[in-house]
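As written, the chain order gives the labels A, B, C, D and E, with residue 1 at the start of each chain.
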Amino acid sequence: MQEYFIIIISAVLINNIVLSQFLGICPFLGVSKKLSASLGMGGAVSFVLVLAGALTWTVQTYILNPFKIGYLQTIAFILIIAALVQFVEMAMRKYSPPLYKALGIYLPLITTNCAVLGVAIINIKKEYTFGKVMVHSLSHAAGFTLALVLMSGIRERLEDADIPESMRGTPIALVVAALMSMAFLGFSGLI
Amino acid sequence: MSLMSEFSKGIIKENPLLRLMLGCCPALAITTSVENGLGMGAAFTGVLIASNMAISAMRKIIPENVRIPVYVVIIASFVTMTDQLMHAFTPALYDSLGIFIPLIVVNCIILGRAEAFANKNPIIPAIIDAVGMGIGFTLALVLVSSFREVLGAGTFLGIQVLPESAPAILMILPPGGFITLGCLLGLMNKLQKKAA
Amino acid sequence: MLVAVVTLACLGAIFGIVLGFAAKRFAVEVDPRVEELIRVMPGANCGACGMPGCAAFAEAITMGTVKPSACSPGGASLYEKIAAIMGTEVSAYEERQVAQLLCQGDNVHTKMLYRYEGLSDCHVALANFKGPKACKFGCVMQGSCSRVCQFGAIQMGVNGLPVVDYYRCTACNKCVVECPLQLYKLVGVSRLVHVRCVNTEKGKDAKANCATACIKCKICEKNCPEDAVHVVATGDGTVALIDYEKCTNCGICAVKCPTKSIDKIMPLSEEVILEVGETPVPGCTRCGVCPPL
Amino acid sequence: MKKATFRGGIHLDGHKELTSGLETVVAHIPDRVYIPLSQHIGAPCVPLVVVGDQVKKGQKIGASKGFVSAPIHASVSGTVVAIELMEHPGGSFVPCIIIENDRKEEWAESVIPHRDPASLTPDELRAIILEAGIVGKGGATFPSHVKYAPVEGKIVDTVILNGVECEPYLTTDHRLMLERSDKIVAGLGYIMRAVGCERGIIAVEENKMDAVAVMEKAAAEAKNITIVVLKEKYPQGSEKQLIYACTGREVPVGGLPLAVGVIVNNVGTASALARAVELGIPFIGRNVTVSGPGIRNPANYRVRIGTLFSELIKQSGGYVGEVEKIIAGGPMMGKTVFTDNLPVVKGTSGIIIFTKEENRHSKEFACVRCAKCIDVCPAYLEPTSLVRLAKRKAWEDAERMDAMSCIECSSCVYVCPAQIPLIQHIRRAKQAILAAKARPQG
Amino acid sequence: MTTSNDLLVVTSSPHVHSPDSVPNAMRDVLIALVPALLAGLYFFRLPALAVIAACVASAYAAEIICLRVMKKPQTGEASAIITGLLLAFCIPPHLPVWMAVLGSVFSIVIAKHLFGGLGQNIFNPALIGRAFLLASFPVAMTSWSRPLDGVTTATPLSIMKEATGQALPSLSELFLGNVSGSIAETSALAILLGGAYLLYRGHIDWRIPGSFLGTVFILMSIAGWVKGAGFWYPFFHLFAGGLLLGAFFMATDWVTTPVTKLGRIIFGVGCGSLVVLIRLKGGYPEGVAYSILLMNLVTPLIDRYTRARVFGRVKSHA
C-alpha cells in the first residue's frame, strides 16, 4: 500500500510530468488558454495514458521480453499508441458523440504528446508490476491535468494583464510554468 | 527558392524551436549542459536527415491515407538505430539524455518536416532542409543550454567560468529551463518586431 | 533478426486489420472538405493554432471560425491550398478602403459646454448632456475608436480629434461600428475630397457651436463642375454630401467652402491606392509599406 | 436594539449638519418658470398649451398617453412665453414650457379640495394621484399611480416609506419629517388604501433620531404603521437594500419590489400625495437642499417646480471659492450639470456646489485586487471583475456575471484605492448589454 | 456666473471619494513593517542592515528601470520597497549582499513586471525571490546564526526537524525573537504588532491570517497529541519560522490572493495545511513560502468557484 501511495505522491506532486519531467509541454502550452479546454485535454490524456500504459506493458512483458527484442520498444510502442489513439477516436465518434465532442478533438494531439510514450517507457524502465503501471499512469495523468488546470486558471487571469508585448502568449506561459515549478519544489522531499 | 535559402530558413526565419515553438520538451529537459544540448542536437539532426531522405525517396510510393503511420514507422526505425548507436559509442551522453532519445520519435518537428516538406520535394532539397532545420534546432538547444550551464553550474562545456559560489543552481533545475526558454522566446519576439 | 521482423510484421498486421475494420465499422459522415483540408495540413498536430489538432483546425476552417493564417507551420503555400479547397478566390481588382472621420470640430474650432472628467469612453461621455461639445453631432474626443483599432491606425491628435493613418488602416470597420455618433465612413483611398461635418442643424445654429460646421450655404453645390456635391436632407435637417461616383477630386468645393467643412487631403502614394483587396501574405495588414507584388 | 441593515455598503461623512437644523424656507417665486416636458421615467409629455396662452397655478399643461407617465402642471399663474429646448438636470436636453409669472397666484379651477378623502376607493385614489402628476421624489421619478396599479397574481402586504436619506448633504426628507409628519402619515395611509395593504413602515436612519421621535408621535394613532430605525450606512435608501433591511426579503434579480409584495415610496412623495388627495393640489413644488462647500448660506427651500438653480443660489448668497461642480442630487448618485441656468424638476432633491478643493483626486492606478469594491457592493457583485470584462468588451460574460444587477450606488468607486471609475465601466457594459438585447427585436 | 471663468466640470458620480489610495495603503504596510524591521536590526545588527538596504535599494531601482524600459509612467508608490523589505525579512542575515540583490531583482523583474506590473502578478514577488534564492543557493540560504553574537547555529525548526539533540528555545524566546532565523521573522511580538495595525487600518482581511494560523494550530495540536509532545507543540510551530510573517504580510497580499471572502478562508486553510504537510513530512524544515506560493497558483481557480451569490439571486418567492 505504502508503495502505491509513494508512486501517487511522487508522480502528481514531486515529479510532476509537466513541471519537472518536461513531458507533454506542447499541449500544456497550447491547450491551456481556457479552463474548459484544459479539462477536456486532461481527460483525454488520462484516458489514453492509462490504456497505453496497460497495452505497452502487456506487449513488453509478453512479446518483446520473451523474444528478447527489447530494442524494438520504441517502434512497437509508438505503433501501439498511434493505433490506440486512432481506434479510440473512431470508437468514440461512433458510439459516444457527446464524449467525442468533449474529449475527441483532443485525441489527435496525443499521438505526438511525448507524455504518453514517455510514461510508457518509464513504466518499463522502473520494472513496475501491472498494478503499479496502472497507478503510475493514472497519477501522471492526474499530475498532467492538475498542471494544465492550474495553468489555464492563471492564463485566463493573464488575459487582461498588461504584459509586455513581446512576452505575450507562449513566453509568459513559460515564465508562469517556471514559477509554478518553483512552487512545486516545495513538495520535494515529501514522503 | 534556392537551396541556400532552404538551408538558412531553418536557422533563423523558421527556427523550429524559437520561431515555431516546436520540440519544446527536449529543449527544456536536456539543456542542463551544453554537452547535452550538442548531443541531443546531433542525434536529432541525424534522425531528421535520415527520415527526410527516406520519406522523400519513397514519397511517390507511400499511399496517401496511411502516410502518417508510415512516417512514424520510418522515423521510429531511425530513432531506434540512433538509440543503439549512442548506447554503444557515447554511453555517458546516452545516460544523461535518458528517455529523451526514444522520445525524438514524437518530436513534432520531424513529423512536421516530413509532412510539410519531404513528401513534396526531391531528395536533395529534402536533405538540405533537414540539415538546416537540424542545425537551427541544435543552435537553439546550445543557446538555451549555454545560458543554463553558465548560470546554473558556472561552467561552459565543463570548463569553470564563474567562481565556485556564484552559480544559481535553480537554472539547471526545471524552473530554470522554463524561464530561459520563456525569456529567449520573448527576446526573439522583440528582435523580430524591431526587424519588421 | 527474423523474430524481430516477424513480430513487427505481426504487430503491424494486427493493428492494420483492427484499424481497417474499425474505419469501416465506425465510419461517420464528415464534410468532405474537412478530409481534403486535413490532407493538406502539416499534420504536426502541434497545437500552434490554438486548436487541439489539425483535424479540429480543418473543421474550424470549414465553419469559418478561424483564419488559415493561424497555422504557423503551414506557411504561405498552405493558405493557397486552403483557399483553393474552400473556393475562396482571390478577389478581382477592388480599391482599398480607408476610414474617414467626418468631423473637424477640434478643441479650437468648437465651443465647449463643460470640462469632461472621468472614463475616457465616448459612449459614457455622451450620457452627460450628449457630450462636452456644444455641437451635438461632432466627435466626443474620448478616443473609443482609437482603442478599438487593432492596427494602431487611429491615434488621438493634439487638437483632441482622432487621426486616421491611411497606411495602417485596413478598413476593418471596427471604428465605424464603435463610434456612437457614426462619424466614420469607409471610402476608397483615391477619394480626396470629403465633407467633414454631419451637423444637420440650421446653418446659423451649427455655426454658433462650431466654426468649421457645414452651414448649408450651398456654395459647394453651385461651384461643383460635376454636380457631385449637394446639400441633402438627412435626419432632422440637411447637410452637404459628396457623391463619390461623380467627384473628380478637383477640390473646387473645398476651396470655396466658407467654413472649410469640405476638406481636400493630399493624395496617397500609388502603391497604397492600387493594392488589391485580398490579403496577399498571411499576417499582412495591407499597411502599404511593401512594394507592390 | 440592534438596528436593521443590509450587507455591504459604506460609511460616509454626511455633512448634514450644514442644513439639518435649519427650518425649510419658502424660496422666492421667480418671474419665470421653466417646466420641462419630461420629469419622470417614461414617455415625455406633449404640451397642452401654446405660446401666448394664459395659465393658472396648478393647471395641467402637459400630458402623455403612455401608461408609464405623469402629467405636468403650471407652478405659477401667467403667460406661456415660449416652448424651448433646455438643459435638464438629468443630463439631457428637454423641451420646456416657459411661463412668465403674473404674480396673481390664481389657482386653476381643477384644484378643489376633496370633501371626504377617507371615503375614496382605491381606483379613485389612483386617478387623483395620476391627475396630480405625483412621481417618486427620491430621484428615480417613477410615476406613483403606476406603482400602485394592481398586478395580476401579486399581493402587496407592505408599504415602506423611505425616510433614510443616505446621501451626504441632503436633508430635505429629514426636515420634511420634522415639519410635515402629519402629512407623511396621512399620505402613507392613502398609499396603503390605494394598494389595499395593512402594513405600513416608515424607515429612518439612526442619524435622524429627532425625526424618529416626531414621526412616532404622528403615527401613534395609526396602529398598523411602524417606524423602523435603520443603521446609518450608504446606500441604505436604495430600494432593494431598504426592503431587505426592513423585511428580510430579497427582491429577485431583474424583478420589482412588487415581486416580494412590497411597495417603496419616498416620504416626500407621501406628503405630496396627501396634499393632492386632501387639497387637490398637484405636484408643483418640492423641497430642495442647497448645500456644499461652494455655497455661502446652505439652506433647505420649498421651491416651485421650474425655478432656475441660479435663483436658489442667489437666495443662498451666491458661490464661495472656485466653483467646479454643480451637482443635481446627492454627491454619490447625483449628476453634474454644466450651468446653473436650468430648472428644478420633480426629481431634484438637492443642489450641491463643490469647489476645486473637493474635485482634487489622486491618480488612477491599476487594480490591486484589494477586493474592497466586492466587500462594499450591496448587490454582492464583483465590480472589479465586471470592469475587467467591460474593458475587454466581453459584454456577454458581463451579463452572465449579473452586470445588470448593479444599482449604480457608486460605493465601489468611493472605496477604490486605485481610483478606478468602476461604475462608468459597468454603466458602459449595461448600455452595451441593453443595446444587444434591443437589436434582435427591433 | 461662477467666480472662476473656466468651464464647470461634468463627470460621473460619485463626487466624493474615501481618503483611501494605493500610495496610502502602501505607506500603512510600511508602517506595519517597522516593528519587525527594528526587531530584526536589534537582533542581527549590521549584516541585517546591509541585506535590508541592498534588497530595498535594488528592488526600488529595478522597479524604476522596468517602468522606464517598458515606457510606462512611474507609479510612485511604495510597493517595490515593500517587496524588497519583505524579501530581506525572510532571508538569513548573513547572506552575501550580491545574492540578496539578485533575489530582489528577480522578484521585481520576473515575478512582477513580466506580468504587467502592479496588481497583475500571479505570485507574491517577495516569496518568488525567496524561493529563487533558496533553490539557487541552498547552502547560503540555510546558514543561520544566533542573534546578537552571530555564531552559526540551526533554526528552531531545523532543530525540531532533524532532531540534532540541540536544545529547543523556550516559547518566550521564540515570542520575543531571540532565536536564529531569517532577519525579521523571529520576533513574533513585532510581527503581531504590525499585523494588528494592518487589521486596524482595514487593509487586510482577518479571514486569511485567521484561517491560516487556525489551521496550523489545530493540525499541529493533533500532531502534537499524536506525538505526545504536550501543549507547547502547536505554539512552538506558530511562533517558529516565518509563519506569522507569512500569515500577516504575505498571505494577505491583495494582488495574489482571492478576492472573495469564502475564497480567502479556503486560501488560508490551504496555506495552513500545506505548511503542516511540508514541516512534518516534507524535505524542508520550513514551508511557509512554498505553501503561500502554491496557494497563489490556485487563487484564480478559487476566485472562479467561490463567487458570491448576487443579491436577489434566490429561489423565487411566489
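In this section, contacts are C-beta pairs under 8 Å (C-beta built on N, C-alpha and C of every residue); 3 or more make two chains touch, one makes a residue touch a chain.
Here the structure is a predicted model, which means the values were calculated and not measured.
Looking at the partners of subunit A and subunit E together, the chains they share are B, C, D. In this assembly, D is the chain whose CA centroid lies farthest from the centroid of subunit A. The chain pair with the larger count of C-beta pairs in contact, out of B-E and C-D, is C-D. Set against the Cα centre of subunit C, the chain with the most distant centre is E. With each centre defined as the average position of its C-alpha atoms, the distance from subunit A to subunit C rounds to 42 Å.
With each centre defined as the average position of its C-alpha atoms, the distance from subunit C to subunit E rounds to 48 Å.
The set of subunit A residues touching two or more other chains comprises 26, 29, 72, 75, 79, 83, 111-112, 162, 164, 167, 172, 175, 179, 182, 185.
Residue positions of subunit B with contacts to 2 or more other chains are 21-22, 68, 73, 108, 111, 170, 173, 175, 179, 186. Multi-chain contact residues of subunit C (touching two or more other chains) are listed as 12, 44-46, 48, 113-114, 117-119, 124, 127-129.
Within the complex, the subunit E residues that touch subunit B are 96, 102, 110, 114, 132, 135-138, 140. Looking at the complex, you find that subunit E touches subunit C at residues 6-12. Remark: subunit B residues 165, 167-171, 173, 175, 179, 186 touch subunit E in the complex. Per the touch definition, subunit E reaches subunit A in the complex via residues 70, 110-111, 113-117, 120, 122-123, 128, 131-132, 135, 274, 277-278, 281-284, 287, 289-291, 293-294, 296-301, 304.
Remark: subunit C residues 112-119, 124, 127-129, 132 touch subunit E in the complex.
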